[in-house]
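In the two complexes that follow, chain A is the common piece, with chain B as its partner first and chain C second.
Let's turn to the complex of A and B:
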């Protein structure tokens, strides 16, 4: 903690770089490395003209990772494993109910609907995990199964199309929804709520004795997670251009890996959305590079596991080193 | 003699009552629910789930979680079929597979505890590596088959001497008794609980947390491998994804059985009860003619409902 404060106070030329290093560990290093490899082997794909499509491809995973972060920051086992199925559920509702059945195509209804459904399910998770105090992984496992079940019931097979504006969000305009999430988070960071969340995540007993409404703060973190998952669902819908029950759930574990890769502590109270996004981009770039080398998906899976374990091990070793240096100083 | 029940025993009794209640409900609602075949099938399925959950129970009691179980089940399933198909001695195959799995599990425990990393992410990463390696080795198309003796051992129609159940069920009962004794009566078992209930005090009592985590995760992986081998006998052919349903089912069985995910509290009898509850719910809902997707949704609701009755965490104000 004191290291972060120190770098802020100095605020030197590379203060932000040091802050990124402190927050995200090896995530940014990996990002630079993978980006260089990708640009070297496949310049056409990474040319500025193709950025829209590229970001559109990466967006659902980044969105899922961003969405997973607030609940984890709340600490004491806080986690939402229902983010992936929630994305699939919202995807099915938008395409099947709003677009196909009701014929609503305007973004002024679809976007708020996605965010509100997400926030509502998030509130449900929040009640289970913080008011009923069921262990978050079990509570959201329940929601996970319920959401997958409902999605498969109303949508047994992929179907449907999406309006043109939504498809554009998966291509040329793909940066918009991501920017929206980050702006929302920047706004949240300026509220006292953010400090409360980090305090609760670091030490909920101390936070409670300091008068912070621990239950409410944690509950709201699930609502934010749900609302962000709504945006991630929009990005996923934009990318696949239809309703597909099988894609959403695959994002859960990848998103949690991305969050850990980005230096967000699964114990809570440490990390942020920037780190989570970097972790998600790492995973995307890794997949992209390995796919380019035409390696089988099996190798991809091994590499993905190895990078995940190595990155968190290196981050832990680095932190340990920092801690020792501080003790001797 | 009326002895006083601890809250743990109440939880176990609660989940057993739910299992019995579900069975009575099924018998009333569905003709043939209590038929010999149906009971045999449920016993076999519950035994398989309970064996896969042995490791999860131990790992959760020391305060961890193991997401590598489904990957190791798939690993054991595929590798056993492959090696046996290549003409290797079956007993040797089992030994090799279980030993390899234990090694993987030991790595899980060692990394998580020595670097204080969250086991959720470590086991997920290691599990992914294991699965990728297996897929690479078999090229995605596992071959080989199960030895007839193994199929006989787990077959729903099999019989163990005079008992009308396959040998799996009596063997499992003995195994479960062993696990209960190990947890209650051996130094290892007591250390598991001590470490889980107070990770900071345990080292002061000369309990080595790193050794405990390494051993316990190795045991967990070992039993996952055993489940994978048994599933090979059950389905007859290898399938790399066979373990996937066990990812969340083992956690659900442990939690329904009253073991707390924060560690230090729980019992294997509870997990067995949890496995019975899950099997009963599944059979009941499918017997009622519901779609698999609806069954999944109801299962999710039931898990939340059961845990909200007896698996709730204390409020933060009680910890001050």
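Let's turn to the complex of A and C:
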């Protein structure tokens, strides 16, 4: 770690290492550690041939973490805790309404439907949090409860099946939707919008005096979060292969832990999707190692909590180290 | 001094209900100073000109390409060719987590587009033009803005405002916390801009500075214009006595 900091000060080589350090902080370090532990205790599960399956298992969590990031980047308490229930809601709508009731199986309808439902709910969150200016955590807690309620009303118990193409996305092919999200984000990064979002997250008063439409920028961050949650819902549907009202909501807290672990500042304006993805993989690996030791799910919960606290402490430490490196530069 | 057509006109402005309304025109190439004791309305007025606050009465209109633009918000002001340099650099100016070049470009990111996408090279090219022009001393434009001295941060913010290519530039205490050498550079830039036909409005807490730059100084007292000083009257004692209400 200290070597990376030193190269940061010299500002010469190790450009990629520096970029990874600046964006993700301790996430990649933990990734390497956890990967080593997992390979050591469970070589069969982590053999190169099995990686496709592993990605499929991790994909919904990675997707949920990616989805949670844009709203957080917008700053001033921006957060969307309804991402998990939204995934469950879209899962129920796709399997129950589109596939079972209407008999629609083509991806050309199901994929846009998932993304559009996600974006619409995200827009609703955006209106509550940015136009009506309800504190984002309270506004999206409302959405969280509403979505869980609706999902349980239309789908009291797990049921249904999914089309073959969607089931296939639950394995190695889950790399496709993940890549799609990353490509969308790379495109967004090349738009003026991205600079505006980071500026708003960095300091909204300065953004306002610079003539940036602060409310619109934040509103759109919730829409993007919702659309990405739609993709995450597809990956979750692919993995479980049915409609299940209880699984979606569990993703919210794990996703936020992943985002924090990935070096995305919960104060906004710092971090990116790559860090969030690395954080999600960290959590997945932790889960996988603990499950191997046959620990109960209660212990898993404790581990998530510890990781979240640790992540926030490490992120603060990381920011301080970065600040110091910059002052001496 | 000024064109027949003023670039920015404030008509019947009252900063608070019941205050006596006043007008102000800013012509092309003119530098107008705003003076007053802190909190006597001059800062409120420059923010009204920038579209950040609505006045209690009256309206602000900017003229660009022969068309009138009502200044009712900061974005409308920018569209009408009015750029604003905020006073509190730390609180409402810089983005501490962002780089120098991004801090410069943030208000005008649309200009960096090539085929719809942001071009880093184009942004760098734009930055280099203003770096040269304002003699910004910064080794690596990719470094954080916080690595710069206060004076150079201010120059980056001025570059941000100039990137709008404004007809009128509103400067809210532009040399606050800025070293002497940088001040001289800024004064030279302000005069150059005026010579190019930009109208400038400068609010400053230092009267000497305004006497150096302005041919017309508007003095505020108790939320209204106490007097407008021009020509031979431009002297520090006279302005100070108006500020304290001892003269008209």
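Observations, loosely collected:
Rule of thumb we're sticking to: the second predicted complex is superposed on the first by the 303 of 329 C-alpha atoms of A that agree within 3 Å, B and C clash if a C-alpha of one lies under 4 Å from a C-alpha of the other, contacts with A are read in each partner's own complex, and residues count from 1 in each chain.
FYI, a residue touches a chain if its C-beta (ideal position, glycine included) is under 8 Å from a C-beta of that chain, and two chains touch if they have at least 3 such contacts.
No experiment lies behind these values; they were computed from the predicted model shown.
Superposition model on chain A: chain B and chain C are shown accommodated side by side without a clash.
In the superposition on chain A, A:98 makes contact with neither chain B nor chain C. After overlaying the two complexes on the shared chain, residue contacts for A:266 are found with chain B alone; chain C is out of touch. Looking at the superposition, the partner that touches the larger set of chain A residues, chain B or chain C, turns out to be B. In the overlay built on the shared chain, the residue A:220 is in contact with neither chain B nor chain C. Once the two complexes are overlaid on the shared chain, A:162 sits clear of chain B and of chain C alike.
When both complexes are overlaid on chain A, the residue A:232 reaches neither chain B nor chain C.
Of the two partner chains placed by superposition, chain B and chain C are both touched by A:209.
By the touch criterion defined above, A:133 lies against chain B but remains apart from chain C after alignment on the C-alpha atoms of chain A. Aligning both complexes on chain A leaves chain B and chain C separated at their closest CA atoms by 7 Å. Residues 205, 208-209 of chain A touch chain B in one complex and chain C in the other.
On the side of chain A, the complex with chain B involves touching residues 76-77, 79, 128, 132-135, 137-139, 141-153, 156, 204-205, 208-209, 214-215, 253, 256-257, 260, 265-267, 296-306, 308-309, 312-313, 316-317, 320.
Per the touch definition, chain B reaches chain A in the complex via residues 65, 111, 115-118, 120-122, 124-133, 135-136, 140, 248, 251-252, 255, 260-262, 291-301, 303-304, 307-308, 311-317, 319-320. Note for the complex: chain A touches chain C at residues 11, 187, 189-192, 194-196, 198-199, 202-203, 205-213, 269-270, 326-327, 329. Residues 52, 74-75, 78, 84, 86, 91-98, 102, 105-107, 109-110, 112-113, 116-118, 140, 143-144, 146-147, 160 of chain C are the ones that touch chain A when the two sit in their complex.
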